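A single structure is presented below for examination.
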Amino acid sequence: MMGKLYLQESLSDMSAEFLQFLFSGVTLGATYALVGLGFSIIYNASHVINFAQGEFVMMGGMGTVFFLGLGLPMPVAILAAIALTTLFGFGLERFAIAPARGASVVTLIIITIGASIVMRGLVQVVWGKEFHAIPAFSGDEPITIAGATILPQSLWVLGVTVLLVLALRFFFEKTIMGKAIIATSLNRDAALLMGINVRFVLFISFGLSAALGAAAGILVAPITLTNFEAGIMLGLKGFCAAILGGLGNGMGAVAGGMIVGIAEAMGAGYLISEYKDAIAFVLILLVLFFKPSGLFGKTGTERV
Amino acid sequence: MDKLKSPRTGGLLILMAIIAVLPAFLDNAFQVEIAILIFFNAIVCIGLNLLIGYAGQISLGHGAFVGLGAYGSAILTAHQGWDPLLSMVAAATFTGVLCFVIARPILKLKGHYLAMATLGMGIIISIVINTEDQLTGGPDGMYVDGLSFMTSQIHWYWLIGAVLVFSVWASLNLIHSPIGRALRAVHGSEVAAEVVGVDTTQYKVLIFVVSGVFASVVGSLGVYYSNFVTPDIAGFFHSIELVVMVVFGGMASTFGAVVGAAILTILPQVLTFLHDFEHLVFGLILMLTMIFLPKGLVPTLADLFKKGDKS
Amino acid sequence: MTSRQKGLKKSLVALGMVAGALAVSASNAEAADPIKIGTFLSVTGPASFLGDPELKTLELYIEELNKGGGVLGRQLELVQYDVGVDSKKAITAVKRLVSQDEVDVIIGGSTSGATMAVVPIVEKAEVPFISLAGAVAIVEPVKKWVFKTPHTDKMACGKIFEDLQSRGLTTIALISGTGGFGKSMQGQCTKLAPAYKINIAASESYGPKDTDMTAQLTKIKGVDGIQAVVNTGFGQGPAIVTKNYRQLGMTAPLYQSHGVASKKFIELAGDAAEGVRLPAAALLVADMLPDSDPQKPVVQGYSAAYSDAYGGSVSTFGGHAYDGLQIAVAAMVRAGSTDKEAVRNEIEKTSGYIGTGGVVNMSEKDHLGLDLSAFKMLEIKDGDWSIVR
Amino acid sequence: MSLLKVDNLSIVFGGVKAIDDLSFTIEPGKIHSIIGPNGAGKTTLFNLITGVYTPTTGTVLYENEGVTGFKSYELAARGMSRTFQNLQIFFNMTAIENVMVGAHLHLNRGFFASFFGLPTIKEGDRHCRETCLELLDFVGLRHYADTDTDSMPYGALKRLEIARALASKPKILLLDEPAAGLNPAESREIDEVIKKVAERGITVVLVEHDMKMVMEISDHILVLDYGRKLTEGTAQEVRNNPDVIAAYLGG
């Protein structure tokens, strides 16, 4: 009798623990998904891997801190930060990517890495090096579900991510601009012939991607804090998510982000927390070894 | 004349001359230190350039191999009491074998997937070094005794300078051999290389191992020189730094790798007077160079000279 | 033009660039009259928490001293390098400080890792060095040229354990940052625990850049009988630990170290910081000190000066830099020169110096010179510090 | 004895049979052509024979050895080489270097010998350069020897691919549309080169759209349609086959 009770109790302890890790995982995962989606959008339009994607994330968070500091109300500060980051996205395309058209993959990678250093440097000079917290959107009182707790902010992260993903689907499937981006990604020359302004498509893609990154950065800043270096790891994990899902496959990136986030939280909880950051990369190596084009990527045949 | 052949001896002699006279212009120990750092970085870049510049396979994880050499040597010397040179060979062997094992699955990948895989591999190795603090001292790094017979800094200058000259010479030899042409063919068109008998996988694996061993040896020597090693050596940023040196100097140019290493080792030291603006300016220089000289410094300048000759 | 000449041209250009760049770096090195104070701090990276106020303090007071005519009739010049949290960078910076910049004294090293890495160089170069980092290993055993100003991690453990004893708590969990200070303090606490009859029932760690510690805390939560949790570490990590701690609904008392002793911690952790206790120097509670306390004017003076110059409130870290600078300057004045051996000897003779960290009495056997009495146990109440009595 | 024997070869791409149960043989020392309408599977067949693709079913026999699924470089070592419909030039090298890569299998490839620049390597390269210059001469490109390939005209690159393939000393050479995109004068030059290659005793397999050229130089023609064999035989036989006419007219 006693034994059974004890067992039940420890079982519910275990499931509460599992749930706790899962909450951590999906919150992280949603963030990675948004960052990964940003990678995908830019890659689709331009075949560039934007190593400054993480800095968009950072700029969203730091921008919000700055505008809040100016005394703006939260929603205005958030919109201002997203707008500012989007401007940087546009600028990156116009002043760094467009002039370097036709450069090799490595050169483009280094240009975006240079851009990430510039953005970090700029934020550091203008907004300082300190860590900052954004107040949570709906308070810090945790919600208890089956013995595990989740912050209201995590629900915001999840909710907004779902909304953004749905909105993007609508954008790409139903609007002219979205379709133009898809067309450009499939065949740039054909799109050009069809009268699509490819340069404009690229421009918009970078802006869109920057806005998404900023949104991700703002959503998680109340949970993880932010400073000028906060985007580095997030950017790399988002890249993992995008590759895991198959480069250029937006929904794949979302799935990839979730997988990475949950794997990370479970790994930290049940295996070794010290190796938490390695989990995403071990996962990506295993997947690439067995499926070289990601989980949901198309396997292409070389034409000769 | 084979167009790559001519600058070979000339360039090598000039490099030797620079190394020989440079100490006369170096005012103090710190400047000698920077010169030695340049040599170290240049050697890694020469190896990395064989992989990236010639064979066309990107690696965003080469810092990890420098780290393996450094920590391999450090651990064997400090914890196991091995002879430093033996440790260096052991670390290089380990790195080489590791490269050999992971090369096949990794180099099957292309473009951004290859970039991701090498990046991931590098980060995993760097996390292991950071975490296994019993062995590695964790994020704070570890102290190692140096080579007993290298009693002064200038000894190191000559030793590493000599290793650099050897590396340049060997790299030029390799490039101007059937193996070198096969590597460039892999870059040009894998399928075309295969139908004339080049086992592209074998050559990709070979050059991955070679460049890994270059990196590992530099890591080992570096740890004996500075007596200290921290995990940043294996980190993402060091890997990126190395690639930037190669591309900045000019891909598929051995002397480009040396020039790239020199400039990008000196630049951050020169920019320290900017304090907070250091990173901003560094990033801008990087971006502008890559946007306006996408082929890198040395090939672009070489093209300029060529054009000048014609007119 | 033959292709050999082409190669020559190529190489000449390379030579020119190397030489040019070296010349620029060499031009910094001109010897001048001012007394050179070298510093290497974690101005960026996860420890910018420490390095940023330290640098600001040094800049502020060196400017102040120069306005007042300098020291020994000479102006002071600060030579500073940002080393992030990379000890290797610290080594390069210190080599540069001693051999290129030829500084007279070094005040710096925000982190214990960076400090420990440069100790061999400083000892070899024979330059007086005052560290601003926490680990006890920096001054135990004593090294001829190395001094430090902050209280040690060992003292923090002792202070926390005293407080635990007074509350009757005996079973605790440790959660530590893996960076130098966190790891070192974890070691010190583990060593010291038996002496205070404290049982450490669980020990977890997290990386310097981690942003989510719920996994580690969930594990601690799962261990029965934990009466208090001690977090050793500096930077933003402890703020996240504190937030996660409240999120998981953990109610046992949470202790932090003096590695978070700045208002920034309260700001970052927000409401979650309520009730957190930590040992810290009196600087944080300047206005709450009794008027009889000899430290009161000193800490109030520094506090006001710093806030006036940079806005915001002071941290103890800036205070460490203040103490280091004052001790070094006083030693130079007593020595009447910047002769390194003489300055070192005078630093070692520092006694009765009242600084932000407490009253400093150094000796041949003690290169820190502080005792537990200057350490206050603070509790965060209503978003501000309060003294636990 | 046949040089190459293909039995019941098939490959499926995403449910579509690009090559469907194809069998034929190639006799040594002749010029064989493979023709068929666009999308008939000619290039796919080349890719299957030369190891670029692995067949779904069926076998390839080369000199009575089963070589199905062999890698291209393994086949090259056995004397099989090819050119490509879409140029596969090593654009990062000069013309002569391209050809010298072709001679790869016949040179000393020891790593340490190369690394230390031993005289044998240098001697071998000097000799190789001579023979490769002769090959450039053979295809009429000697004056381009030290030109960067990215500044050479298209027609010259087509011939350069042939020279590179010849450098590997093949017994059988598969040419994938060597005249595609060339003007009539250039086509005739290629014609001549192909005939000269055949005269050297090298078996030539040709995929070509230029019917005039095919009919003129081929000893044997294989006609493909939708991945299947429509017919085969001499130029005369094929020309008069009603199925072939129907296929070409889209009947």
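Lettered A, B, C and D in written order, each chain numbered from 1.
Here is the rule we go by: contacts are C-beta pairs under 8 Å (C-beta built on N, C-alpha and C of every residue); 3 or more make two chains touch, one makes a residue touch a chain.
Since the structure is predicted, the reported quantities are computational estimates derived from the model, not experimental observations.
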## Note on the structure
Closest to the centroid of all CA atoms, by its own CA mean, is chain B
#### Entry: Selected interface, B-C versus A-C, where C-beta contact pairs are more numerous
B-C
### Query
Counting in whole Å, what is the centre-to-centre distance of chain B and chain C, each centre being its mean C-alpha position?
35
### Summary
dist(centroid_CA(chain A), centroid_CA(chain D)) in Å evaluates to 48
### Summary
Per the C-alpha centroid definition, the whole-Å distance linking chain C and chain D comes out as 71
### Interface hub residues of chain A, defined as touching at least two other chains
124, 274, 277, 302, 304
### Summary
Contacts with two or more other chains occur in chain B at residues 1, 3, 131, 191, 278-279
### Query
Do you know which chain C residues sit against two or more other chains?
44, 178, 207
### Summary
Listed in rising order, the residues of chain A that touch chain B in the complex are 43, 49, 96, 99-100, 103-107, 109-111, 113-122, 124-125, 232, 236, 239-240, 243, 247, 274-275, 277-278, 280-282, 284-285, 288-289, 292-294, 302, 304
### Summary
Note: in the complex, chain B contacts chain C through residues 1, 3, 5-11, 14-15, 18, 25-31, 33-34, 38, 130-131, 133, 138-141, 143, 226-230, 232-233, 255, 258-259, 262-263, 266-267, 269-270, 272-273, 275, 278-279, 298, 301-302, 305-306, 309
### Summary
Contacts from chain C onto chain A in the complex sit at residues 43-46, 48-49, 52, 178, 204-207, 209-212, 214-216, 218-219, 222, 235-236, 239-240, 243, 246-249, 264, 267-272
### Summary
Interface with chain B, chain C side, in the complex: residues 1-4, 6-15, 17-19, 21-22, 24-26, 28-29, 44, 80-82, 85-89, 91-92, 95-96, 99-100, 112-113, 116-117, 120, 178-180, 183, 207-208
### Query
Along chain B, where are the residues that touch chain D in the complex?
1-3, 169-170, 172-174, 176-182, 184-185, 187-189, 191-200, 206, 252
